[in-house]
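In the two assemblies presented below, chain A is common to both, partnered first by chain B and then by chain C.
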Partner chain A sequence: MKPKLAIYWAASCGGCDIAILDIEDKILNVAEFFDLALWPCAADFKYKDVEAMPDKSITLTLFNGAIRNSENYELACLLREKSVVLCAFGSCAAEGCIPGLANFTTKEAICDYAYIQSPSTVNPEGIIPQPVTKVPEGEITIPVMWNTVRSLPQVVDVDYIVPGCPPQSDQIADVVLTVIDILKNGKPLPPKGTVLGATDKSCCDECTRERDVKKIKKFIRPFEIITDPDLCLMEQGIVCCGPATRAGCGAKCVSAGVPCRGCYGKPINIRDQGAKMVSAIASVIDSTDPEEIERIIATIPDPVGTFYRFSLPDSMLRRAQV
Partner chain B sequence: MSFEPKILGLLCNWCSYTGADLAGTARMKYPPNMRSVRVMCSGRVDPGFILEAFRSGADGVLICGCHPGDCHYVEGNYKCMRRIPLTQMLLKGMGIDPKRLRLEWVSASEGARFMEIVTEFTEQIRELGPLELQDWEFIPEELETVEISEPHKES
Partner chain C sequence: MITVTIDGQKTEVEKETTILKAADKLGIKIPTLCYNELIEPYAACRLCIVEVIRGKRSRLVTACNYPLRQPVEVRTNSERVMKLRRMNLELLMARAPAAKIVRELAAEMGIEKTRFTIDNPEETCILCGLCVQVCENLVGTGAISFTDRGPDRKVATPYDVTSDACILCGACAHFCPTGHIQMTDIEERILHSELTLGPNTAISIPFRQAIPNAPRINPDYCIHMKTGGCEICSQVCPKECINYDDKDEFEEIEVSAVIVATGFQDFDPAPMKQFGYGKYANVLSAGEFEQMNNAASPTSGRIVLENGEEPRSIAILHCIGSRDDNYHKYCSRVCCMYALKFAHLVKEKTEAEVYQLYIDMRAFGKGYEEFYQRLLSEGVHVIRGKGAEIIPAPPDESSEGNLLVHCEDTLISKFREIPVDMVILCTALEARKDAPELARKLNISTGADGWYIEAHPKLAPVSTTTDGIYLAGACQGPKDIPDSVAQGAAAAGHVIKILNQGELLMDAAYAVIQEEYCSGCKMCNGLCPYTAISFDEEKKVSVINAALCKACGTCVAACPSGAIVARHFTDEQIYAQIEGILV
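Up next is the complex of A and B:
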């Protein structure tokens, strides 16, 4: 019997599933080696079929998506029970990612905006979805939305992490082929907690742009200038999250003149991506005058959202106090 | 019981820690709410330390370094001078009053100034009240659940 593979999405956009398909012909190796146990994005499986499986009967689960509601949590617990290896796949599962930005506000404020305030909404009765609704036939339920988005390792025990939004397809191919090789040849698994498909250094390590000691007086947004293709973006005044981001993507964004957004998460030994960005920004500001420093940092658009774009639920404080 | 603020003090080895020592040897009195940690330079203070202090239960964080121009390592305190307003901006964005974080310059001879700063900062934090982080821990037992009526459980 072939080993079983499950791929599940919780609070995610589906990009991670597409990235898995993006490994091109290597997907055939996957199909040849594994039997699919669950993949809601690509095939029709029922949760109850997974529930009926014996514990630890799924060899590998790639879990993408943050934990945003009771259904995500239920499936995280279920897949943990049924899987030998549970892998937090992609930035959402690993550290919360874009859905995690909801931690800047509350569940009530989100529902209010989405169902009442937003200009494109027509909802004269002001109906907001409720976990339980009574209809003539009985009661119907939907999952309970949480006030705070969590990463997968915060709610269940996770074996490995594959970072990235989405993880780069060459890295996924590498990870999948390595796993197949390990299982086929009975090799030992890497130690628990290993980050797969990335390195321990920072994005700057892979970036080919030149770094100088040039200091800056003002932060600008990428559309305001034509960037010098060879010079560090931070030194050109653009907020680039490279110094606080794990390497592994091949510095693709920065090579294309777009600042790093930080999707590979914090590098090893870094406690908090936002705090590390504060350090990095502080070291390029050219001023020793407190008032001028205030003026310079006021030119950073949405600093907190930028520094924590992918890692708010995994940050030291986990959510904004509101 | 009245609220006693917990304050973390990160004091530079060369100026402020010696300044605090001077306040002590001169028997100056200040509130005992501050727990001091000696660091080699205010430039050694990573913003992550500050966030970790708040996460671990500090109500306020006070950083003291050498006066600008006096740094033992030439420019460590300038690094700190740029980091603190950014960290305050970060705290503000995270819904924490930036007044809970303060940077002051205290030289080795300013024992009295150190005493005044700690006294005043303690009072300020006392007014701001305790910092309680919402929803920090994940407690499965406290999750909101939905009661499903019997017939529907079957389907």
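Up next is the complex of A and C:
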């Protein structure tokens, strides 16, 4: 009997699933080696079939998406029970990612905007979805939306983390082939908590741009200038989160002239990626005059979205007090 | 070389030597008025006339500009020469009867009065033109020249008006043989600029006890630097020391330790309009009064008013810029005592009354209180109350001063108006304007008042936060001489210790870059206040020099990848402490 593989999406965009498919011909190795136990994105499996499986019968689960509602949570608990190895796959599962930015507001405010306020909505009766709705045929339920988005490790025990939004396909291929190799040849697994598909250094390690001492007088958004292709973006005044982001992606964005947004998460020694980036940026602002410093800082629009874009639920802040 | 005979004495001189110089070599004095060795001889006064005899021929020539080319015999006092010289002197006496030197020379020749008509009995100019030559050829300005013709000929500026071409160098007056040109307006004048009481000379020893004790040229005043002319100093210097091309140079010196002893600067009281400093000539700063008392000052140490008269009364105002919320809140520490010294000097040198206007009398040092008591017994008036305002006294013959000092005498609760001739402002000691710049270079800190900060106010008052850099004297805060000397000696002691030890003890807490986590983003490069961080181009990682690191933590906070760890202050330790507090 082949080992079983489950790939699940919780609160995610589907990009992680596409990234898995993007490993090209190596997907055949996966199909050859594993039996699929669950992959809602690719095939029609029923939750009750998974529930019926004995515990620890799934060898590997790649869990992408954040924990946003009761369904996400139930499946996280279920897959934890049924899996030998549970892997937080992608930034949403690992640290909360874009869905996690919802933690700056409340569930009520989000529903209000999504179902009533947004310009594209036509909802004259002001109906907001409810967990339980009574209809003539009886009660129908939908999952309960949580007020706070959580990362997978915050709700269940996680064995490994594959970072990225989404994880780079070559890294996924490497991870999958390594896992197959380990299982085939009975090799010991890497220690629990290991971050797979990434290195211990920061994105700068993979970036080929020339770097020097940074002194920033004004922050510039990428659309405002044509960047020097060879010079560190930070030195050109563009906020690049590369220094406080784990390497592994191959610095693809940066080599294309787009600043690193930080999707590979915090480096190994960092607890809070956003706070670290703020601390680093603050130290290279080139002024000692408090008023001028205020002016320079004001040139960073949306600091939270810039520095905590991927990591808010996993950060020391976790969410805003509303 | 040629052999000449002067008044029967033989001597060998170089060809082209003038008779005047040859005679001088033999110790034979030929009278002259217009000759100066710095100026091309012009032979205007004709007093140096001598007789040159070659074979049977005899000629009368002027000694100053007659070059010797052949062996000749010269007579400086033959009958023929003396007759003509007397005649010349009589003519000069008629021209410039008031010129003292002409009368003296005439008297030496036995001439009492001239037989020629005297046009102007007050005249002193002999029209020798030395001044014109000096101005034109030495100074290079050409501000004066001969004007008019015949009997009206004279030396003057163009159109006889004050001329901007004149740079007030005074060279013409200095060279004038008869004292016709005088610089009376400039002498004895008290000027406030740069703490000097009088005009600055272009070449001088910068200050007494300067090291090296050698003169230097002030390019702001040097005529040569302005006009390219002059060069008198180089012509008179027997050792050829003068170098006009010398420029400021930067030298790099490797040292093991640095003692910062840059001192203080004097508070400028001009912004305190109520005291009229810079407006009233007899309102002096303490530094200026001190200079005036120097025996080498333009007043030769005499205490005088701007008009040269002795003051009848002097007010000494304490705490100008010190203990003042608008300027410096601190006490400048030294002013009370030097103010008392000033009072003593005034009492010693003049008959003037002295008023001390103080907030608190701080006679804190050894022997200081005794000195204060002595001053009281000398009749110095002490008024507890800060001087409020200085205004000119209304013109009144009976007034005892030209200025009025307003103050409140807080001991008798009365406002007072004190007439004085001179006011001395005891200005605050303040940190030098350029102190922050040097602080940046040395990686030391300045406090809110600008003084350099010591490593610890009680336990390390001489050290700084940067190893090997020590403070001495008033750069660290207002200090009197004994305190400065003590701190200087302490700093020297520290330095000697370092030099002899050959090694440095360092703190166990310092920051380390963990190579395996450093991505070489260079975020930390340039942040270190102790320049401990450098970049290893080979490994592409940043490196901290542990010997320079002071564990300030700046780079630790900045390191975006968490590669820098502060030993003994790691994140784990700090989080554990926070958790310990919170639990």
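Points worth noting:
Here is the rule we go by: the second predicted complex is superposed on the first by the 321 of 322 C-alpha atoms of A that agree within 3 Å, B and C clash if a C-alpha of one lies under 4 Å from a C-alpha of the other, contacts with A are read in each partner's own complex, and residues count from 1 in each chain.
Here is the rule we go by: a contact is a pair of C-beta atoms (placed from the backbone, for glycine too) under 8 Å apart; a residue touches a chain by one contact, two chains touch by 3 or more.
Computed from a predicted structure; not experimentally measured.
By the document's definition of touching, of the two partners only chain C reaches A:Gly242; chain B does not.
In the superposition on chain A, A:Asn269 contacts chain C only, with no contact to chain B. Counting the residues of chain A touched by each of chain B and chain C gives the higher count for B. Once the two complexes are laid over each other on the shared chain, residue contacts for A:Ile98 go to neither chain B nor chain C. Of the two partner chains placed around the shared chain by superposition, chain B and chain C are both touched by A:Ser283. With both structures placed on the common chain, the touch criterion links A:Ser202 to chain C but leaves chain B unconnected.
Touch criterion met: A:Glu294 reaches chain B, while chain C stays clear of it.
Comparing which residues of chain A touch chain B with which touch chain C, the overlap comprises 270-271, 276, 279, 282-283. Residues of chain A touching chain C in their complex: 200-205, 211-215, 232, 234, 242-244, 247, 267-271, 276-277, 279-280, 282-284. On the chain A side of its complex with chain B, the touching residues are 70, 73, 104, 131-132, 138-141, 144, 146-148, 150, 154-155, 270-272, 274-276, 278-279, 281-283, 285, 287-288, 290, 293-294, 297, 303-305, 307, 315-322. Interface residues of chain B facing chain A in the complex, by the touch rule stated above, are 46-48, 50-52, 54-55, 68, 78-79, 81-83, 85-87, 89-90, 93-96, 133-136, 138, 140, 143-149, 151-152.
Within the complex formed with chain A, the residues of chain C that make contact are 514, 516-527, 554, 557-563, 565, 571, 575.
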